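Presented below are the structures under discussion, each in the form of structure tokens.
Presented sequentially are two complexes of chain A, the first with chain B as partner and the second with chain C.
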Partner chain A sequence: MATEVLRGESGLRGNNIDELFHPSSVAVVGATPKQGHVGYVIMVNLLGKFKGKVFLVNPRYDSINGVKCYKGLTDVDDEVDLAVIAVPAPVVPQVVADAVKKGVKALIIISGGFSEVGDEGRRLEDEVRSIIKDSKVRVLGPNCIGVYNAENGLDTFFLPEDRMGRPPKGPIALISQSGAVAAAILDWASRRKLGIGLAVNYGNKIDVSESELLEYFAGNPNVKVITIYMEGLKYPGEGLRFLETARKVAQVKPVIVYKAGRTKASVHAVASHTAALAGDYEIYRGAFRQAGLIEANSVREMFDLAKALATQPLPRGKRVLVLTDSGGMGIQAVDTLSTLGLEVPELPETMQTMLRKYLPPLAIVRNPVDVTGSATDEYYKIVLDSILPTSYVDMALIVALMQIPGLTPNLVNYIIDAKRYGKPMVVVSFGGSALMEKFNDALENSGIPVYATPDRGARALWALVEYSRIRKMLREEVE
Partner chain B sequence: MATEVLRGESGLRGNNIDELFHPSSVAVVGATPKQGHVGYVIMVNLLGKFKGKVFLVNPRYDSINGVKCYKGLTDVDDEVDLAVIAVPAPVVPQVVADAVKKGVKALIIISGGFSEVGDEGRRLEDEVRSIIKDSKVRVLGPNCIGVYNAENGLDTFFLPEDRMGRPPKGPIALISQSGAVAAAILDWASRRKLGIGLAVNYGNKIDVSESELLEYFAGNPNVKVITIYMEGLKYPGEGLRFLETARKVAQVKPVIVYKAGRTKASVHAVASHTAALAGDYEIYRGAFRQAGLIEANSVREMFDLAKALATQPLPRGKRVLVLTDSGGMGIQAVDTLSTLGLEVPELPETMQTMLRKYLPPLAIVRNPVDVTGSATDEYYKIVLDSILPTSYVDMALIVALMQIPGLTPNLVNYIIDAKRYGKPMVVVSFGGSALMEKFNDALENSGIPVYATPDRGARALWALVEYSRIRKMLREEVE
Partner chain C sequence: MTHDLVVKALSEGRFKLLDHEAYQLLEAYGIPTPGYRVVSNYEEAIKAANEVGYPVAIKVISPDIMHKTDVGGVALNISSDDEVKRACQEVSSNVKRLAPYARVFGYLVQHMVQGGLEVIVGGLRDSIFGTVVLFGMGGVLTELYRDTSMRIAPITEDDALSMVKETKAYQLIIGYRGMPRRDIYSLVDIMVKFSRLIVDNPQISEADLNPVIMLENGKGSYVVDARFMLKPRN
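After this line comes the complex of A and B, so read on.
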């Protein structure tokens, strides 16, 4: 343990972990022509998508599917930045020794069968640890699913595309303690075109830990929001380091964490799953709060919040304009907003009078502003353009039920126009029609996050207010 | 108000409200060839889908789109069970008088412009009230979106199909205080193939109230679960009647309510929207609990719970088998289950030993049973067939991440086979692949509800336990 913290903190070997995400060349150790095998899927994914050199390594083959195959890493007649290792655990120490000899800069050890399976695995893990100890190589894993980078096609997630879709490039980074949860998240995100551009699962973390990954993403200019799926931290030292890192990172970027293993009942399950200490959830909560982390209550909520934080400016206050074509939806939004401590202030009488002039007689102009089921796109435009620039509100939650006959896809343009007021906006759009899907896609493509229900939209705005508070708090403490 | 309660309670005129949902013939008063108009959309929907006679009524036309058009209701040379009225408010009293004269059994007054708009509207509403007072006609509305019945194609929701999809036949009934929310829900449900077979929005309820609708659905054999979207009840008397009715109904069928307008901030918005008294939410909560209603916290959650209650048997206890191929997902399920008071008991040693024999070495057999990322369909079968029939568990939450390479659509059959043990099951399936969609559809078509995240699946099981408790409580009180 001491070693681990030392390695990570001191960076003795001078290498940062950038090669894990942006290598120029990758070797797949354990490449195989056997379909369905882990080494096969990784090989196919990298040959098909990786924007860099790919070398195959397996002593049993001279070539695989027409691509040259090397007997060992040391036989590769070129530089190897990253080696992805997918061979049986007992063979791993020899491969790691070869990698060190070859001067490979980073390793992703996919292979399982280490400390997670018992004494023999622990022995193998210690062996690997001692091999890398005096070298500069950086190691992710073992027992992990590795790295996904949408930008350069680096993808060690060993699941074929038909099982697990890949999300598009985007400003959200994911650090997941569970490989399966990470895979499911990427699959889910791909369907929703949610830009999780970088994802990593670190397994038994004999070298690179969640803290170092967090720090790395903090320094990566393509990443705007960092999300963390966590079950627990192994040692007090690990926890402390993580929280210290988080506190630093949260000053520059929002970090959202979803911690599973919150109840007494699930602590045993966590211990079995990732050998982590789920511990007392209240202690985690308190620590997260102090560290400036934004806490989500489910995987899905984590990305609801991330979507807003990745696209919207931070609000100056907590006052929300709720603009809706359905009184009922407006009420639901107010319920959640006010439960979360945000305000939906009544608009001043002058504003109300002005709105009454332009809106139909049944419209409600207090706030929520309800343009009713007879709404047209223009009503939205009038309200946005007259209220959003004023000092009465800090952000807007816009409900647009596209079932209503007067609305057209042109509403998107009015909402996008309102970005010029520099205030955060989220849109709630609930239904199922193709028209609605088109409307939602057009908004999200223009950087306006869309949510299916008012409570989710409200919570996304809360995250903006919360991060605004956190950043202020952390920066004041630094001064 | 007294009149209203009296009419509803005494059923003086001998008519029940079945004609609102199952008429043999419908007249559309206000039928028009003008596309986009309310009368046009209703006419087109009924002519296209309603399994019964449709008469068009409008003094301005002899025929519309080739269909005969009558000058007035009294001119129709056949019996009219139901008249759907979509004419300007000032004309409505005359139409209602005609309907009474004609002996029409039920009216749905879609038209707005009544008490919701002020004094003149209130006067018109009183006029209608006095016209129907001594007749047997039953009236839904005014100012409502009316009725949707998937079975016979009765559909007064005046939104075209491309704006609002229609859900398939099914055992869920919806009573919504908001028309727009009802329309959005149906659109949403249509996309998800969620069987909301009956839906109703009642508007200003000058005659038929939510209580009578609730009672009616209780007696309808096609309805297995009743869902209610509510913003508030207008008078103490109305509230009392609703709760008394709910208490009776909950003995025979689960009733789920989502109450919007929960916070001080939203009370004003409710008053503006449906002129209801949102009141103190805690009072509502207490009353709901006493009445045996199951409370949901969002529209979406309401149907998550309904799906389980409509398809699953009630559990005998609160002990859950969690069966998963992802330790992380299992942990998330346990978190929610245990927060909701359900148990995930450790399996007895004999069971664990037996499972260990058949499952791979890394599998966890305590409960959650984690068949790991190397799972095959057969592992699920082994666990279900050996644990579910025993007395150690009362129900199952099954997580199947279809990203995992060893799973095939055949898993569906194993899960369906396990229905024979007579215990509730829900499946959690998270991702986005076509394979997963196919898997989910096959399960839902066989009556196994599927949820995207562990917390939602867990909450669905909670609803089953909760309704089991409620029914026992209410029936014991009756004895």
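After this line comes the complex of A and C, so read on.
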């Protein structure tokens, strides 16, 4: 446990960490022609994608792959907003000293070999702390994978593109305590075209903390949902700052957190009943609820919820229209919805009578509305257009199993058309055909989240209801 | 901000408040406790029992005894003057026999609250989050079921209410299977005041209000037993 408080807490630095995400110029310290090296991958990524100036720094080269290479940061004859440092740990303090001298505004120290490896590393880390103490430079890391910004191509994730796909621009931001987890998430998201437009990993956290990153993303208009992968906070008293920041941010945009490391035995001395009952994770869970964060139970669930929160309006109430072509899927949806406190109200007699006129005789019109295996696209349209705009329901969970011969990709248009009713919709689509894949893609491209199973779709709707409750609660407290 | 009682206990080298000190501290924060008196012999005890009302409990007051029941230092459900006399003599001789070196400051005579739902409210210090408030189901199975919820102090009424609602105990509080509905707002009041108490007194390292007895709706709740562990702060 570190004894020093976070440097960013001192107030000395303001909260200017924008240069970490939107620099005009970046220097790669430790750039190298040696393929496979961290400095090489970062250099190639930035030269290829970054929309701004890139300077290479390494005393051993005059140029790398035809690009000029500087001996040191102080030799760069231009302003450097951000330096990405990928040199061996023992050299890092000197590079940081150069950066301070040069007036570099922000640093990302990728290098490992600091407090995570033992006493010598801790000494190096303290040295870096003391060098930056009286300067304005902001530091991410050390021992981190850095920043990914799809918008301007700033990418310090040192994994080659053929190993780790990069997700497209989009409304989701990720703050991850683990670099490897962040990389795996981005790779996974890129395959699913999930718009994680901003991602950051903060490593040993000697300066910039998750609280500051959270606050920063709250102020970024491109970010609609913030996701946090967390194993645990680090510094004494830091929890309060996190709690206060999160409360402020949750008023403005949804924050979803997945906390790993839930089973660790309590570390509290146990002289009372209370202490025996209070595990670390239970305290985090309480703090998350108090802060108005939405807690996910896995990485996958975190993005299931994020997808819905990023694309759907907030519901006014808790009542769900379940529209399905499979009774079984409908039952599964109702099971999860009711467990989560959402309602699937029976439709009024008048509505049922009207639906019966248009739907086949075997259809069930109470809610779930089951258009059965003989469903066509038109049946979905009829139900959506006649029920969704009424005040009997607040949102819809639509199950469309494309194995049924009557359904065509045109169903997508009917569902998209129903967006005009201003109520949240999620689609459950499960199977393996190319047709289904096309159907799913078309929906997601139009901002309708698709889930493979009813319980996941139901939980996404729950997240919308939950955030709507949280926002109301936090805003009322402010008034 | 620290209360005089806490300062006094620490200055005497004690790391736990005595029972009556704990009740006084709770009263200072407007937290209800059943009527009690501190007495030094059975004559005083009989008078006290009649004042606070039968049935009563009698407990030995000693800074040297951690678990009073282990040394026979507690007598419960006493409902007559004769029983008071006998209980005082028994408690006194038990303690002399089982904890011969313990200093005895006197006896606590306390009215026993009848027929309520037992819950626990607690507080502890966490290095990362600071002061943590806990709510949970009372009774012997608490640790088995871990039906608890936590928040960072100080808590608001809304926080307290949502803490209660997220436990299974809530079902019992609102009246499970024909059981009476309990006075939830008096519990919320105790939780909010208690969170302020432990924030104000940083020398309290851990605290249990166990049990808090919740009476039927409209009749309030009482802290029946309280334990405050102390730690000097430099």
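We take it that the second predicted complex is superposed on the first by the 449 of 479 C-alpha atoms of A that agree within 3 Å, B and C clash if a C-alpha of one lies under 4 Å from a C-alpha of the other, contacts with A are read in each partner's own complex, and residues count from 1 in each chain.
Criterion: a residue touches a chain if its C-beta (ideal position, glycine included) is under 8 Å from a C-beta of that chain, and two chains touch if they have at least 3 such contacts.
All values derive from a computational prediction rather than experimental measurement.
Within the superposed three-chain model, A:E231 lies in touch with chain B and out of touch with chain C [touch as defined at top]. Between chain B and chain C, more residues of chain A are touched by B.
Looking at the shared chain after the overlay, A:L362 reaches chain B, while chain C stays out of its contact range. When the two structures are aligned on the shared chain, A:L243 is found in touch with chain C, with no touch to chain B. By the touch criterion defined above, A:E282 lies against chain C but remains apart from chain B after alignment on the C-alpha atoms of chain A.
In the superposed model, A:K51 lies in contact with neither chain B nor chain C. When the two structures are aligned on the shared chain, A:G432 is found in touch with chain B, with no touch to chain C. In the overlay built on the shared chain, the residue A:M473 is in contact with chain C alone; chain B does not reach it. Within the superposed three-chain model, A:K71 lies out of touch with both chain B and chain C [touch as defined at top]. By the touch criterion defined above, A:V117 lies against chain B but remains apart from chain C after alignment on the C-alpha atoms of chain A.
In the superposition on chain A, the residues of chain A touched by chain B in one structure and by chain C in the other are 268, 272-274, 278.
Against chain C, the residues of chain A that register as touching in their complex are 1, 232-240, 243, 268, 271-278, 282-283, 285-287, 289-290, 473, 477.
Those residues of chain C that touch chain A in the shared complex are 120, 122-124, 126-130, 132, 134, 136, 142-143, 146, 148-152, 155-156, 158-159, 162-163, 166, 205-208, 210, 227, 229.
Against chain A, the residues of chain B that register as touching in their complex are 36, 112, 116-117, 159-160, 162-165, 177-181, 183-185, 187-192, 229, 231, 260-266, 268-270, 272-274, 278, 297-300, 325-332, 334-335, 337-339, 343-344, 346, 361-362, 364, 366, 368, 370, 373, 401-405, 430-436, 452-453, 455.
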